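Listed below are the structures to be examined.
Below, chain A partners chain B and then partners chain C, in two separate complexes.
So, the complex of A and B:
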C-alpha cells in the first residue's frame, strides 16, 4: 500500500480523530520538536554571522568603544585581498592542507587495504591505530613540542637513531625549513585513522562477486586494483577528503600549541592569523571581513566539491 | 582447488599485512605511551638523554599537578617536618606545599561544561531528529543542510560576535555561556546522527502503538526512545568528546572562572620552565577517559565521525 493511501486511511479512522483531540497534531508536534534547535542555532550561529557581516563594513574596534563607528564600505575587503601577509597565511594553510590530505589519503588507504586482509588481531590493531584521532588536539599538540625537543625529545632521538644524525642538530619547531612539516606530521598521525576507517568501509562494501568475475576473466591483480578497488572506494575517499579538508581549513588548536604560528609567521595558518587580527590587534571590523572571506571560501569550495562527489557517486 | 579462493587472502599475505599494521600501530601508539610514562617520571628522568624507557616510577608529577608550591630552605623544612607522603615528595626538592593548584577546578569545569552541553544537545537533538525522521516538514532538506553548515564556520570567525554578544549579556567566562555555545556547536552532530539512528527504527512499531490508542507523543516517548537508546548513548559520547576536547572557544571566551582543562594544561609551569611530568600527568588524566570511550565506541566510531554519512 502506498504511503499516501496509508495516510488517507489513517485520516479516515475515528481513532485518528480522537487522537487529534487528546494529543497534539503531528504538524504542531513537528514544530515543537524542531523549534528549540532552530532557535538556538539562529541565536548562536546565524545572528552572529549577520552581525559579523554588518561589522565587516565598519571600522569598529572593540578596544576603542568611545570612537565613532564609521561605515567604510568595502574598504576592509579590498585591503584584505591585497594584503601580502594574508596571502602568505593562505599559502601556509594551502601547504598544510595539501600535504596533510595527501599523506592521509596514501597512508590511510594503504592501512585500510592491509587491514582488509582479515588477519588475526585485526580489531585490536585497528582500535589502537584509531586512538589518537579522538584526543584533544591542544593537549596532544602541546605534548608533541616535548617530543620535538632537539636534545631530549623522543622524535628527534628516533630520527637520529634511524638516520645517524645528531638529535640535537635540528629543531622541528624552530627551523624554518622544518616547522611546516612539524604540524603536517602531527596532523597526519592524528587523522590518518579517520581516512583509514572510511576507506575500510569502502573496501568492505565491494561485493566479493566482482573480484570473482574479474578472476574468471583473468584480470591481473594490478588491473583488479585499478579497475575495481580504486573506483569503488573513490566516493568514500572523496567523502573523507571533504571532512578533513573542512576541518584542516579551520585548523587552530593543534598549530597554536605546536608552533604558535612560528617561527616568525611561517606556519601562521589563516585561523591563527585571524585570531591575531581579532583578539590581539583588536581590529574588529577588519577581522570580521576576514572571517566572512574565510567562511565564503570554505563554503564555496565545499559546495563545488560536493557537486563533484555526487557526480562520482552516480557513476 | 579447495584452498584457493579469490577473495580470501593467502596465509602469507595475511601475515605480511598483519605485521605491517601492527608495526604502524605500535609506532602510532608511542606518543601516547610517552605521555603516560612521562607522568610517572621524575623531572630529571623526563629530560634525560638518551630518552629513558626504563625508569623508577614516581608520582611527583601528579603531586606537582595538584598542588602549588613555594621554595623552602632546609632549615625551614627541618623546623616544620613534612607530615604526609606528598609533602615528603615535595620536600626532597626543597619545596613546600602552600595549597591546591588550579588543575582540579579546570578539570571540574571541563566535566560541568562537557556534561551540561552534552545533555542539552542530545535532549534537543533527539526531538528534532525524530521530527526530521518522521514528520513532513517544509524545506526539510534545506533545514537539515543549514544545521550541518553551521559546522563549517571556523570557530574563530564565530568567536568575534559571540565575544561581543556574551560581553553584553554577561555570559563571558561563565559555565552557562560555554554550555550554550557547545550545545549549539554540537547540535549539528546530534541531529544528524540521531536522525540516522531513528530512521533505522521501523515505523511499524509506532503505527502499532498509535492504533493501540497512544498519542503521537506517547508513541515517541514509550516506543521510539527505548529503541533508540543505543544510538542516543553513542551520540552523547561523541558530543561529550567534542566538548571535552574543544580549545578555540575556550581559550578566547574564558579566562578564569569557566576555563576548561585544554587551555589550562599547556600552561602548567614548574620551577625553571615547563614541568613536563606535571603536564604529562594532567594530559594523562584528561586523555584517558576519551581513550576508554573510544574503545567502547569502536563499532559506532565511523558513523560518529562522519555525521552518520557512512554507516558500515
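So, the complex of A and C:
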C-alpha cells in the first residue's frame, strides 16, 4: 500500500526536481531534513544566548531606550559574585534543591517498591498517587497557602490534631524556621509521583530470572535488595535526580504563590531573585550576567552528572 | 432628465460613502488599562457616557494588583500597543516621563482650558508632575487615594467593651488620637471572643512580593520622623532614612505586627485585609480609601457597623501614604486624538461629580470642596482629612530598584524578625545609595 503511494509520489514529482534530488548525496539529504530544525534552534536558543552574553557586559536597561549603552567589562559579574544577597539566594536554592531531591528520591523509590508488588487496587492507587503532578504548580501553590492557613488550614489542623498543639499557634509560611520547609513539603507532595514512576519503570525492567537465581543461591531479601534492586534501578534514580534537579534549580511559580520569596528573603530562590532584577528593576545587563552565571552553573553540574550517569550505566 | 437623476444618484452615493468613511475614521477603538478593582468597574459604567457622546468605542484591560506593575511596565517598556490610555501608579510617572512612554499634556491642557489648579494639589504633584513640583504634566489626576483605617464601629460601641477598655486604659474606646492609642485598641481586641468567635486587633500590610509592606510601614515611619532625603540636599539619605526616630517607627510597626495581627497575616495586602475585615476577623484594618464604598455597602459589616479614620499622628508628624493614580496617554498609541478626547471629557466637572457618585474618588477640587461633599458619604470627610496629609514613595525612574530593597529589608525585620530596625534602615540607606550612584545622581 505504502509502496503504491510512494510510486505515485515519485511519478508526481516534476522531472527537473526529481533529477536534482536524485543527484543529491545522503549527507546533503540529511542536511535538508535537519536544516530547518538547526535554523530554528539557532534562532530561538543560540542567538538569544549569544545576545544575552553580549548584554551581560553592558549597563543596558530595557526600560531606558534613550540612554546610551555602555560597555562595563566584567563589572556585572564581579558585582553579582560579591553580592551577599545573591549568595543568600543561592543558599535558599541549595536548601530547597537538596531536601526536595532527597525526600523525593527516598519516598518516590519507596512508593515505587510498594506499587511494584502486585496487590488488589494497584492501578487505582497508582492513579491516585500521580494526581498531584497533573496539577498546575500555580494552582498547587495557591491551594497550599490555604492548607497552611493557621486558622482554617487543614495542614495546621492535622499537625494540631497529631501533636496537641494549637493550630493557630504556628504559621508555616510566615515562620522563619518553617517557611523553607513549607516549600519543600509542597514540592515533595507534587513531584514525588514523578520520581516514583521513573523508579517503577526501573523496577519493572529487572528480569525476574535474576531474583530467581538469587533465591537459588539463598540470598536474603535484604541482600537481593542491595545487590540487585538498588544497582539496577540506580541509573533510573540518577535520571530522576537530573530531571528534578534541573527543574527545581529554576523553581519559580510554586514559591511565588506560596511565600513570594518571604519571610524577608528567606525563600527567595535564584529564579525569583533573577526575575526581580530583570523585570522589576529592569537591570537588563546585570540580570543577563546573572542568567549566564546560573546557566553555567546548571550546565556545568549537569555535564558532570551526565558523565557519572553514563559511567553507572556502563557498569 | 434621467441622465441628471443618474448623476444626482451617483453624487449622492459618493457623498454617503464619504460620510460613512469619515464617520468610521473618527470613531476609534480605545483601550484603557488599569488595575482590576472596584473603581475600574465604576469607570466602565462611567465611560458609557463617553461612548455615547463621542461615538468612540471603549475597551478595558484590567490586571489584578499583584501583577499590575509587572504587566503594564512590561507593556510600556516593550513599546506595546495594547493601551491607548493608562491609569498607571503614581510612582511610574518619573520613568514613563523620562523614557518617553507617556505623552506630555501641557499643551493639550492649555489648549483645552484644563487647569491643574482645579485639582487637589497633592494629587497633581503625586500623579501628574515630573519632575515633582515643576509645571510638567504627564497625567490628569484620575483617582485620589490614600491609606486610612476602617474600624468596627459596632464593636467599639458595645457598652461592656467600652467599660472594660475605660477601666484598663482610662479613656473611651473610640477613634485613636495617635499611633500609641491605635496599638492599645489593637491589643485590646487581640484574641478577644466576640459573638463566639476569636477576633484580632488589626490587619496590616505585610505583603512581600510587590509593594504591600512598604505601603503599610511608611504610614508609621513618616509619623515617627522618617524622611526620604535631606530636604536641603537631594539624595542625601544618611540620617534621614535611618534616623533613630525612623528606627523607632519601624520598631513600632513590628510591635504592632507581633502583638495584634491575625495568625498567618505575614503576606497580606489590600484584598487579604478586606477579606479579614469583612469576615469579622479584625477590629481594624489598614487599607486604601478605595475600599470604603465597598465596606459601606457590605451586608455584613457595612452601614453603621463600620467607621473610618485617617492614619493617626505619631510623635513626629501626621502623614499618610498616598495611593491613587493619574490617567495618561500612552505615547505609542495610534489613537492619540481619541485618547486626548477621553481625557478632556473625563476632566469635566459634571463627569467628575458623577465619578464620585459611582464610587470613584474624584481629585477635582470643585467636587471635593463642594459643601455637600463631606456629608455625601460616611467616609467622605475621612477621605478629605487623609488627602490633606499625604506623602508618597519615590517616583524616580528607578523607583522599582528603590522599592525592592525596601520590601526586602522591612519584611526581613518586621515579619522574619531578622536583625534590628536600625540595621534594616542602615541597610536600606546602602541599597538606595547604590541605586542613586548607578543612576548617576550621587
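In this text, the second predicted complex is superposed on the first by the 274 of 315 C-alpha atoms of A that agree within 3 Å, B and C clash if a C-alpha of one lies under 4 Å from a C-alpha of the other, contacts with A are read in each partner's own complex, and residues count from 1 in each chain.
The criterion applied here is as follows: contacts are C-beta pairs under 8 Å (C-beta built on N, C-alpha and C of every residue); 3 or more make two chains touch, one makes a residue touch a chain.
Everything numeric here is computed off the predicted structure, so don't read it as measured data.
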{"item": "Partner chain in contact with A:265 - chain B first, chain C second, else both or neither", "value": "second"}
{"item": "Chain A residues touched by each partner, larger count belonging to chain B or chain C", "value": "B"}
{"item": "First, second, both or neither for A:217, with chain B first and chain C second", "value": "neither"}
{"item": "Touching partner for A:150 - first (chain B), second (chain C), both, neither", "value": "second"}
{"item": "Contacts of A:64 with chain B and chain C, given as first, second, both or neither", "value": "second"}
{"item": "Chain B versus chain C as contact partner of A:176, first or second or both or neither", "value": "second"}
{"item": "Touched partner set for A:283, first chain B, second chain C, both or neither", "value": "second"}
{"item": "Intersection of the chain A residues that touch chain B with those that touch chain C", "value": "62, 151, 153, 256, 279"}
{"item": "List of chain A residues in touch with chain B within their complex", "value": "10, 15, 18-19, 22-24, 26-27, 29-30, 32-34, 36-38, 40-41, 43-49, 51-52, 55, 62, 111, 114-115, 117-123, 125-140, 142-144, 146-147, 151-154, 157, 167, 189, 194, 197-198, 201, 204, 208, 211-212, 215, 236, 239, 243, 246, 249-250, 252-253, 256-257, 270-271, 274-275, 278-279, 284, 287-288, 291-292, 294-295, 298-299, 302"}
{"item": "Contact footprint of chain A on chain B as seen in their complex", "value": "6-9, 13-15, 17-18, 20-22, 24-26, 28-32, 34-35, 38, 46-51, 124-125, 127-128, 130-132, 135-137, 143, 146-147, 149-165, 180-181, 183-184, 187, 191, 210-211, 213, 215-218, 241, 244-245, 247-248, 251-252, 261-263, 265-266, 274, 276, 279-280, 282-283, 286-287, 290-291, 293-295, 298, 301-302, 305-306, 309-310, 312"}
{"item": "Residue ranges of chain C in contact with chain A within the complex", "value": "69-70, 73-74, 76-78, 95, 98-100, 207-209, 262-267, 281, 397-398, 400-401, 403-404, 408, 411-413, 415-418"}
{"item": "List of chain A residues in touch with chain C within their complex", "value": "62-66, 85, 148-151, 153, 168-169, 171, 173-174, 176, 256, 259-266, 268, 276, 279-283"}
